[in-house]
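Should a chain be cited, it is by its letter among A, B, C, D, E, F, G, H, I and J, assigned in written order, with residues numbered from 1 in that chain.
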């Protein structure tokens, strides 16, 4: 069963679109590369959203996270890009993405981005 | 004393309907089957509600939770269905149901659904 | 020094009635009997209130809690009754009583009742 | 289904007497009375034992613990008596009983008693 | 260097009075005497305030806390008095004082008092 | 990809049999049925062993745990049986199996069984 | 009911002298004075012992701890003296006294003293 | 690669200025000198901000924190100064700086300063 | 400053070879690939050793861990290999390597390997 | 009261040399410089010892720790040197020094050194 990292986020219909409810996903196994030094960075990504017509399919979300493994990415930028890609894929009513990055140079960084549909 | 899993939620009269108060129930022993793979899933279900004329009877709630043991159920859907069944059974003033699911594929999912009587 | 369980709650004057402030009492040693099976139940009772002219005397509160030791009492009902008795005894500006009950049948129950003086 | 507190500890055969193994039981709902003041005392009782031919039946153990509810008992003495009663009932190879008592007068007391069959 | 307990709270000028900011002080080593029994009581005192023109000098605050060591003081009263003395000494914009008292008679008491300048 | 519960434990060769080392497996998702009431029981199973020529294959271990889902099993007995089945399948140098069972009737039970090859 | 601090430790007969067992006492409310500065020091005292013919009476132990409130005492010395006084009063088979002192000058000190009867 | 402590905070362009999002930085390795005694003080500095056109460059932030190592600084003042320097360097939309200082004289101090762009 | 993943472990002389002492290294950022599925695995590696003539240089250790990022590796095998490579590089008196792997298929695996010089 | 960092460790007579007892000191505020980069390093130093004729004077210990503030020091070496200096100053019966260093390059280091008098 070959599976590959992929930037494509799949979606499935939300069975309860008549109601606002929250889905909270924690992904402690995110890694990418530092764009300056090329060395590995590690983070926990947390996604909280209120779906509209679609919910994100979890296996594709896992492969999406994997797709950053060999990419250089700044902490602030990659957290914003994950939010943008999720908004593009599932058009949620509200969404918040948090990147909780491991200590580098004695400093710990947490980036939190939010979006709300107009 | 034969007891059986059952989707029937029993109710008892609320002895203090003149007052808004909260009942918070935690049920760490919920299990159902994954609709895609047929393998067991595990969750903690938490129910917080403000009763109106009825409160849910706890033994029937336990048998109700048991009734999912051999059913296939998606995380998002089953959390919504538990809320719907409780609303139908006890017509609370407000209710919130949270399904806190064990890690699958390195991703942890928590689903939170709310209802408020008109 | 014979002390006895008693439903009588004593009060002492509030030395600072000109100001709203909070008193938060935790009583981890509450036990009564299940009205259905007669078996012991255990809870932690927590009382948070803003006093008006009176504050509750702590030794009488301890004897009051003791007075439930041989009584049958439903979780939801006894939490409401403790609040009612405190309102009758000390007429607080605001009060919240929480009964945090031990697990029964795999379900943990927490009941929270609030009152605010008109 | 009337159940009553009882000092009688029931036993069931150990299905694996050929092997030393440990059974560890925690009972956080123990209460008795202070022999000096008559006021309630609370403890967690923990029992760890290696069975020989018998293991203790859990429902009778629960009723046994309940039987102390209206008895006066010193911390040190009751912990020893629980051990003695268990040794008499199930003749374990080794057993340790711990009584972990709530704070009284600003002092927390934990009593640990051990027995080993000759 | 003789230091003595003292009810006198010293103050120093606030170097940043143009801005609202919070100072949060925790003092886990407070002890006084029970006014009824004369026995020692123990508490953690926590002070959170927004300074106006003055901030409290920490060494004098320490000696102030020490000054209660041989005084009888009710839980509710002493928490209010500490707040009053701080308001008199440094005239803060807002202040909250919490007294978190050790368990007595199986009951834990926390008293929280707030003041806001007109 | 149909997968089924199965009592068959698969094994793979130990690549480092020349050395004693420990493998520690935690399985928090074990459930079976109470042989007396037919109601679900829940446990965390922990396996610690020093392999000889074989190590247990993890997917078969997961299916093995699943195979208890519809079986009645006593706490003490099932913990011993899991150890026996592992000894039969992989003949380890040393092994310890712990069953950490959820509270029933206010009592928590932990069973620990050990085996050492002659 | 006047009670006074006192260096006199009372004892009561050990009802189970035929058996070695442990009594573990935690006293988080110990305070004395620093012999150099006269300022208050705070500690948690922990006593673990195996009684022989006597066990220490808890109310006298509380008054004993109170008796240090106005005494100057070095950390190392007072921990040794508490052990000596307990050995003199109850002649235990084994005893360990730990003084766990609050931070002073950025350094936390814990002193542990043991005695075993010949 | 010689690096030196420096009060100069570098900045890099914010790649997502169209959106309000939060950056949360924790720096547990801050030390300066007490202006009264000259002895070392230690703190954790936490910075939470919503960037406008600029974000702070992390290596320069590390050297900035290092620059306090040999300076005398009052707790309240240094926390305000760090906020002022960050506002001057990156002109954030909102920013909060917290200085969480180690215990001195039995008192723990936490200072929290906030700024919001007009 | 280009740095590259590398299997070469550098060493520096132990300045205190006359004495047995322990060095304990925790590396929470280890990732490799599952040899069966090719998907990423994550672990914390912990190394505890008593050096003889050499200690491991930390930067080379970091690059060594990085070198597994694109390799397929079984949990048990890679933990043994890390130990073997460290023994070859620094010939310690004693060493223990623990691989603490993230949950896969509901099972958490910890592998612990030890070596002692003859 | 000018105080200065100093490598001189003062000692005071042990008042109880007839008995083996333990003194456990934790110093969370240790900082020195990295010998390679000149940047600050941070550690918690823990000292556990059994005194013979002398105990270490705490104020001099604090100044001793301060004396490393501007020195370059390798993790392994400085932990050994602290032990050596303490042995030279107070000739304890047994002593253990632990240096628990903050994360550098994603690796946390703890060094533990022990000495026992012949």
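One rule holds for everything that comes next: contacts are C-beta pairs under 8 Å (C-beta built on N, C-alpha and C of every residue); 3 or more make two chains touch, one makes a residue touch a chain.
Quick caveat, the model's predicted, so the values are computed rather than measured.
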Common touching chains of chain G and chain A: H, J
Pair joined by the larger number of C-beta contacts - B-I, E-H: E-H
Proportion of interface numbers common to chain D and chain F (over half same, under half different): different
Inter-chain centre distance, chain A versus chain C - centres from mean C-alpha coordinates, in Å: 46
Mean-CA-position distance for chain I and chain C (Å): 56
Chain A and chain J: spacing of chain centres that average the CA atoms, whole Å: 46
Two or more partner chains touched - positions in chain C: 1, 28-29, 102, 106
Each pair of chains that touches, named by its two labels: A-B, A-H, A-I, A-J, B-C, B-F, B-I, C-D, C-E, C-F, D-E, D-F, D-G, E-G, E-H, F-I, G-H, G-J, H-J, I-J
Residue ranges of chain B touching chain F (in the complex, touch as defined): 1-3, 28-29, 31, 37-40, 42, 66, 69, 102
Complex contacts: residues of chain H adjacent to chain A: 14-16, 19-29, 51, 55, 58-59, 61-62
Chain B partner contacts - residues on chain C that touch it in the complex: 74, 76-77, 79-80, 104-115
Complex contact set, residues of chain B against chain I: 102-103, 106
